[in-house]
Amino acid sequence: MIMMESAAAPLAPDWHVAQWFNSSSPLDLESLRGKVVALHAFQMLCPGCVMNSLPQAQRIAENFDPGDLAVIGIHTVFEHNEVMTTQALAVFIREFRLTFPVGVDLPGAGPIPKTMAAYGMQGTPTLVLIDHRGRLHKHTFGTEDDIRVGADIGLLLAERERSDAQ
Amino acid sequence: MIMMESAAAPLAPDWHVAQWFNSSSPLDLESLRGKVVALHAFQMLCPGCVMNSLPQAQRIAENFDPGDLAVIGIHTVFEHNEVMTTQALAVFIREFRLTFPVGVDLPGAGPIPKTMAAYGMQGTPTLVLIDHRGRLHKHTFGTEDDIRVGADIGLLLAERERSDAQ
Amino acid sequence: MIMMESAAAPLAPDWHVAQWFNSSSPLDLESLRGKVVALHAFQMLCPGCVMNSLPQAQRIAENFDPGDLAVIGIHTVFEHNEVMTTQALAVFIREFRLTFPVGVDLPGAGPIPKTMAAYGMQGTPTLVLIDHRGRLHKHTFGTEDDIRVGADIGLLLAERERSDAQ
Amino acid sequence: MIMMESAAAPLAPDWHVAQWFNSSSPLDLESLRGKVVALHAFQMLCPGCVMNSLPQAQRIAENFDPGDLAVIGIHTVFEHNEVMTTQALAVFIREFRLTFPVGVDLPGAGPIPKTMAAYGMQGTPTLVLIDHRGRLHKHTFGTEDDIRVGADIGLLLAERERSDAQ
């Protein structure tokens, strides 16, 4: 498999979020410990995100038990910040009927916002899978086939179940 | 056919555009006389526009000779004006690689901009077909199948060819 | 346009059919005079036919008035005749819910059946458009975009309407 | 998850195959022990199989290491046997470019062939997932989303990896 072995996988860095949508309280990796996390980094005016990656994120959110797996969107704006504002994102999330929590990445010193920098993301869309112990596994720039992403999710869900059973 | 007969078809009203993209000079129906016009009214954060109608507009632009048929987009914002700004539209057009001219509908007295009001559009996406003499034919709210829209375009192209031959 | 001008277009040759499905009586071009005809030549085990061309034929059949346009399938088997039999075709048509008339092309002296030879078809799928006077226009090997095929149908429907009006 | 726990899962019954395609020797569950098996039961003239399920089977075959997971097709003909013959299947497999092994289900006493009966399948398409120890897990009539099937494959691959590690 293309994913790192659990023992070798590093801890996922914390994310840095200025504001949350679709969540009544702030979310961090600590509070999601015990769940597999599918982190979708996107920009609201990135065509690959809008046409491919966000629909995939929504399919993931609808196909798995939120008690097992959390889908988290992060709006990692690194260009055209003047139009991809928090106010614009609020409209986008409502109009495109995204149901999973979406956090606004905190601006950094340069053009790259803080979460994007912490994860070393190359651009958008990026998908990151994090296991139930907070370890970083898959990290993909672009959109992979559902069958491939599904299998990687299944591997992490299996690890989580095994850990529950011990 | 569902389209009005030419003799009966009313003249299409002028559009009211504050600013053009993908065109070095302002466009009006007068200047397009002699071509069939496919007018796509959209909002940049309307999912039906982004996922269905604008890709169809782009397919039309790529499948027909621009000397025969002009595809014209009109950004008819009637909600969330504070985020669907001209500046945001400029980014959207570039990122989504729209190649046809797009005009920004001029604000009206109320929430409905002037072109949208002049055509009596019900919402976005709306497709309007105008013949080479400036007469209004098809006027559809929502997105129709390509085979249906293609046939309506073919009917108007045939009328235009016949008129050339006379 | 890519289609031949009416004046220049040759008469479409007759087709040669051993047996009809979805039609209570034999159909020939003579009996369809006055309608535009979309002739889809296919083989039931040709992937491009099954996945692309026959669904397009079905969309055409569902989007136009059968009084204006007739969709006609022709099963032009030129390989694997031992398994693409008339009996197998009967099952295929029922299972895939094709609703338009389908004729079985008559075997010729060599491997190419008679209709396929008469039209000079290069393979399957092939789409032929014939105007209301029986003249052959579009003749395409492979599957074109719906918007393009729709426009060519619209051109022929317009010619037909004009002719009715005279 | 919707799959049975390993401990509770029954052994998958043997399949009964008259002839194999895309395999130089007969395949049985015994010989595949140690791999996850995705068993796709289909009929070559079943639209849901041709349009949805077989393309999914092919995507699975292309996305996973054949050393980890074996995709096996079974042609379970229970109707129209006179046209869905072994000879016709040979043409179908070649034309549709299926690359995974396909076995012809052995006729039974009645209309239901032996493998189909042994697994209690309700119709085609049916997908069965079998773990590396030969235990039967997922058993689905119809076609599920890739993200869901991928996750179920991932769970079984994880079980297999864990077992290797012990």
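Here are a few things to note about the model shown:
Order of writing sets the labels: A, B, C and D. Residues in every chain begin at 1.
Criterion: a residue touches a chain if its C-beta (ideal position, glycine included) is under 8 Å from a C-beta of that chain, and two chains touch if they have at least 3 such contacts.
Bear in mind that the values here come from a model prediction, so they are computed numbers and not experimental data.
Traced through touching neighbours, the fewest hops from subunit B to subunit D number 2.
For the touching copies subunit C and subunit D, the fraction of interface residue numbers used by both exceeds half; the interface is of the same-residue type. One inter-chain figure worth recording: subunit C and subunit D are separated by 37 Å, centre to centre, where each centre is the mean of the chain's CA atoms.
Averaging C-alpha coordinates per chain places the centre of subunit A 50 Å away from that of subunit C.
Centre-to-centre spacing of subunit B and subunit C amounts to 33 Å, using the average Cα coordinate of each chain. Touching two or more other chains at once is no residue of subunit A. Chain contacts in this assembly form a single closed ring in which each chain touches exactly two others.
The set of touching chain pairs reads A-B, A-D, B-C, C-D, using the touch definition from the header.
Within the complex, the subunit D residues that touch subunit C are 45-47, 50-51, 80, 82-85, 87-88, 91-92, 95-97. Interface residues of subunit A, counted against subunit D in their complex, comprise 1, 56, 59-60, 63-64, 68, 145-159, 161-162.
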